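Next, two complexes with chain A in common: one pairs it with chain B, the other with chain C.
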Partner chain A sequence: MLTYIIRRLLLLPIILTSVTILIFAMMSLLTPYERASLYVSDIPKQSGALEGIIEKYGLDDPAPVQYWYWLVGRTDPETGEIKGGVLRGNLGWSKTGKGDVAEVIGRRLPATIELALWAGIPMIAIGVWLGVLSAIHHNRLIDQLLRVFSIVGYSIPVFVFGLLVLLIFYARLDWFPPGRLSDWAAQIVQSNNFTSYTRMYTVDALLNGRLDIFWDAFIHLVLPVITLAYLNWAYLLRVTRSSMLDILRQDYMTTARAKGLIENVVIRRHALPNALIPVVTVGALTLIGLLNGVVITETVFNYPGMGSFLSEAALSLDVVSVLGFTLFASFILVAGNLFVDVLYGAIDPRIRLE
Partner chain B sequence: MNQDVLLRVEDLKVYFPIHRGVFRTVVGHVQAVDGVSFTIRRGETLGLVGESGCGKTTTGRAILKFNRPISGKIYFDDQELVGLSESRFRPFRRRIQMIFQDPYASLNPRMTVKETVGEPLMIYRLSRGVNLRKEVQGYLELVGLSPQYVDRYPHEFSGGQRQRIGIARALALRPDLIVCDEPISALDVSIQAQVVNLLKELQKELHLTYLFIAHDLSMVRHISDRVAVMYLGTIVELASSQDLYAQPMHPYTQALMSAVPIPDPKIELQRNRTILTGDVPSADNPPSGCHFRTRCPLATEICATVKPRLNEVSAEHYTACYMISKGG
Partner chain C sequence: MKVVLKLLKNPTSLIGIVLLLTYVIVAILAPAIAPVPQNSRDPYMIPRDGFKTAPGLPSAKHFLGTTEGQYDIFYGIIWGTRTAFRVGIIVTILTLILGLVIGSLAGFYGHWIDELLMRITEIFLAFPFLLAAITLTSVLQAIYGKISAGPLMILTKLLALITFAQGFDQALNPIQMSILTGMMAIIAFGWMTYARVIRSNILSVKEVEYSLAARMVGANDMRILFRHLMPNAVFPVLVMASMDIGSYVLTFAALSFLGLGAQRGYADWGQMISFARNWIPSLAENWHIVVFPGMAIVLFVLAWNLVGDALRDILDPRMRGRGAGL
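Entry: the complex of A and B
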């Protein structure tokens, strides 16, 4: 088991290197001027500023050289000081987030985790529950209704569904606003008499005993949570249903009934634990996907998490930020997959990791 | 009624509806079991043979209420089972157990041997805790497995061992009747004999009654006291094992017997073989009268009229054929 984990972790540097090289290769399609223009405001007035930046940061060096500098840092010709260098723990400066890349990620991550947890838990619970329901009532009315419901769920694009609920529940009814907090709540949260423990506002509000702020943060979460949960549990429902149907056909279901168990116990003790094995994989991977930020959902609801950070950075050609985000996302993905594999071995006695 | 009889099945019919079209209307029925009657005496083994699709498994499953018969009666220990609700039937679940064909599919892969074998004991509050573990170990020994195996999972065993676990599980409730649904056909030939012998020993020791469903004629002969031969949902011949194999009467039984190879080339070459032509007709539209008449070498007009009933042609030897009841 331990050797398995170590072996899998050894893959991590290889994956991270490949991913960042890929991003660099794509970046070399941009001209140095396009990249430098991000850092210069009002270009026509400042003649020579672009050239200065290109010169200073070596933006016209060959891509492999630039990649090397990004990895190990670059000696400043004037001061002799080494700047940057991912291997030295410096991801560079993010123009988009106005801060060090690592620090910006640290600032944006809690919002995304908060959204992922709020969306993920009902998503998995309801998805699995409806999937089981669907399988038990195979081909009956409830199964047909859920089939329509789930097919609609995974055929609607996020931006359509998101804009639709925004239109109804915000523009029309004004029940659930976009963003993360109302202005008055944001002021309190940033003030000195509010302690930020986790930077997840719903959690912090409860820890500070501020129910009004909890409520405010909560109603801001409702729409993105509904959007993410609906679109994802449609998938979970289908996975659970087909896995459950498969198990219900197995001989050991008959064995269980032959023992004289009542149907509820047969489902709970014999069918569910077996049917949930593939569901755990899908559910956990979906949750990990949510942790990396959901670009479209966060953009639609103006939610300041990892996803909207990435889209802002990419749109302004902020290569440094995109690279930093990619590194982080790849790490989460690899670690998450490893976690799922280990979990798999723990819940299925037939699987032994070697 | 006869004290000796444990199970009596009377004119059992199990039909499965066939759905077609957009609205899944019922367009016909598969007549899986079409009027089957037999009795099993306490402590005996009744073999039920026939080719696949002839309804032998459906018959077995109907006794355990896994299929709902459309008509007919099943008496177990003089109690009618067919009309019972699931909750009224539950006490009988304990007394009628089943051993399944596929030892790989019939054990829950996420349960240890102790959980699988011990679960019914817990349900019926027969045993728990340390006692449960000991009891399960006892059953493992009974079926010839090491008691150390209690905490293992099914995937750690071979097919034959798994089938032994399946048997231990069935025994754990101390049943009166065990329906063995082709318990050996998924096993290697070398293991088959071991399992059949184990079943025989257990029968002697625990006074069990078996309904032994199989298609392997020589294995059935070895274990059964009496044998019923099924063809397309009906029993065509029923006799003691010795009688049936020595003197098969029904043309279908004769054809079956002559299909069993004899491991001696001289005899094999000399004997007269009855070879059937054509396929088994579909069970959703069986031939009128005798179901076998379309392939029967003896068939005449009378065979197409009414289905022949089982007649006692000699002592304890029943057959459903007009040609034989006539000729004696």
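Entry: the complex of A and C
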């Protein structure tokens, strides 16, 4: 197990380096004018200013040289200040977010984490439950119904589903609004009487003892959470179902029944633990996959997280922001995949022994 | 033939096939169902009835109503069928070819070529798919018009040739350009699974007797690869790809929804739905701007998924002989 983890950890820098190379390759397709955002927030409107910046930050150097400076940053010859440098966390200047890309990501991150946390639990719990239900009632009515539910589920685009729930629960019934907070609540949150600990409003509201704000933040979360969860239920249901069906056909299941165990024990003690092995991986991957899901969901619900930032930046072709964000997201994905593999090894003895 | 028969016998896949055929007929008959106005320069641009901002409800003149800016929804849905097929099929085929080439080279030559290509595959897998597609689309759109030559432009022109049957000498207009960039981005980040599967299939058929026999009679590498190995390794991947058409259409629709794929007014379902973003508080009255184009996408993707789902069960040997309901 330990060698397995070490081997994976050794591969990590190679993958991460390659990711940065690919991001940089996309970056270098841009004109020097756009790439200037990596180092400066604004190009003065006077003749020669752009040339000066190109000269100063070597934006016309050979690609490997530029790549190196993109990674470690470049010292300003006059002030001695270090500008840029992805490894230092300087992802450049975001025209959309009016700030450093890293800072904008940091500002938007709590909202997205809050959404993902709220979505994650019902998503995995209900998805797995539906899958088990489907498998133990194999080929009966409930299985067929769930099957239809899952096929229809992954045929509905996130944005169509999101707009439909908005149509029903916001425009028509006015139960759950889009956005993140109502105006009155936003004013309180920004005031001095309210301490922001995590900048996740539901958590902060509880810590501040403001149940009204908690409720307001919560009803804003309901629709995006349903949207994210629904689309993943379809997928988790299928994985759990097929994994459970495989297990139910094993000989040791027959043995368990032959011993005279009641069905409930057979399912819970003998089938479920083994059936859940692939589900753990898929569940963890789905959580990482929320990185994809939040882009559209946040955009539809006008929820100010990382995803809606990406879509704003992409739409205004603010490529430095987009690439900075993608770099961040891919690091999360790589780290998450590593975690999933290790987890998989930890719970599945067959992999551990290899 | 047996597979087709089984597909027709299975009620869910039958629904899928009927739906798909309906879409095919709609796409073919588009000019008859939704006639192109006489002054139109491009049939794919949805005709507008005035320039009023607020969407129009369904009426005698506009069967399914109009979106913001008075684009006719009925026309858009009908001609959007062509866009969906075109984007879905072309993206799938090109992604598949890319995956096949990379995967089969890796599997066939092995050694360092395999090592290199598989590491490259892993790098591409390190990006969340939709994010990567959004990113590459915006990069490509940012540089459009700033570079006129270079390999990238040749690729774009090639894609234009396939997609719009447009010659190399003609300049690309911004509308075409934004569709092409979206497609290129999906292709660039979609091929990895195919490459991996085809590689492992080739590895498993490489050592089979008939491949050695071909080598004995003096066939060269390319002949063995393309005549003997590919046909045996390629079929499962073909099935995989055919099931993915729906998801590529979804991804492209998502790009259009974000404003990155098809441009405003183009007959594309995702683009039509994106208008609804400005009317969320009044969606109760303007339900038609979401429901109709939304239904078009959902049924289209559903049709592919129904067929794909049944196909997978039929072709999966583990499922054989286990009753029809599976």
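Rule of thumb we're sticking to: the second predicted complex is superposed on the first by the 264 of 354 C-alpha atoms of A that agree within 3 Å, B and C clash if a C-alpha of one lies under 4 Å from a C-alpha of the other, contacts with A are read in each partner's own complex, and residues count from 1 in each chain.
By definition in this document, a contact is a pair of C-beta atoms (placed from the backbone, for glycine too) under 8 Å apart; a residue touches a chain by one contact, two chains touch by 3 or more.
Remember, predicted model here, so these are calculated numbers, not experimental data.
Using the contact criterion defined above for the overlaid structures, shared-chain residue A:G52 touches neither chain B nor chain C, since it reaches no partner. In the superposed model, A:L30 lies in contact with chain C only, and not with chain B. When both complexes are overlaid on chain A, the residue A:K259 reaches chain B alone and has no touch with chain C. Contact with neither chain B nor chain C is seen for A:P62 once the two complexes are overlaid on the shared chain.
Contacts of A:G106 after superposition on the shared chain: neither chain B nor chain C is touched. Put chain B and chain C next to each other and count what each touches on chain A; the higher total goes to C. In the superposition on chain A, none of the residues of chain A is touched both by chain B in one structure and by chain C in the other.
On chain C, the positions that touch chain A within their shared complex are 12, 119-120, 122-124, 126-132, 134-143, 146-147, 152, 246, 250, 253-254, 257-260, 270, 273-274, 276-277, 280-284, 287, 290-291, 294, 297-298, 301-302, 305-306, 309, 323, 325-326. Looking at the complex, you find that chain A touches chain C at residues 14-15, 18-19, 21-22, 26-27, 29-31, 34, 139, 144, 148, 151-152, 154-160, 163-164, 166-167, 170-172, 178, 288-289, 291-292, 295-296, 299-300, 302, 310-311, 313-315, 317-319, 322-323, 325-326, 329-330, 333-334, 337. Per the touch definition, chain B reaches chain A in the complex via residues 64, 66, 90, 93-94, 97-98, 100-102, 105-111, 119-120, 123-124, 153, 155, 166, 169-170, 173.
The touching residues of chain A, counted against chain B in their complex, run 250-252, 254-261, 265, 269-270, 273-274, 348-350.
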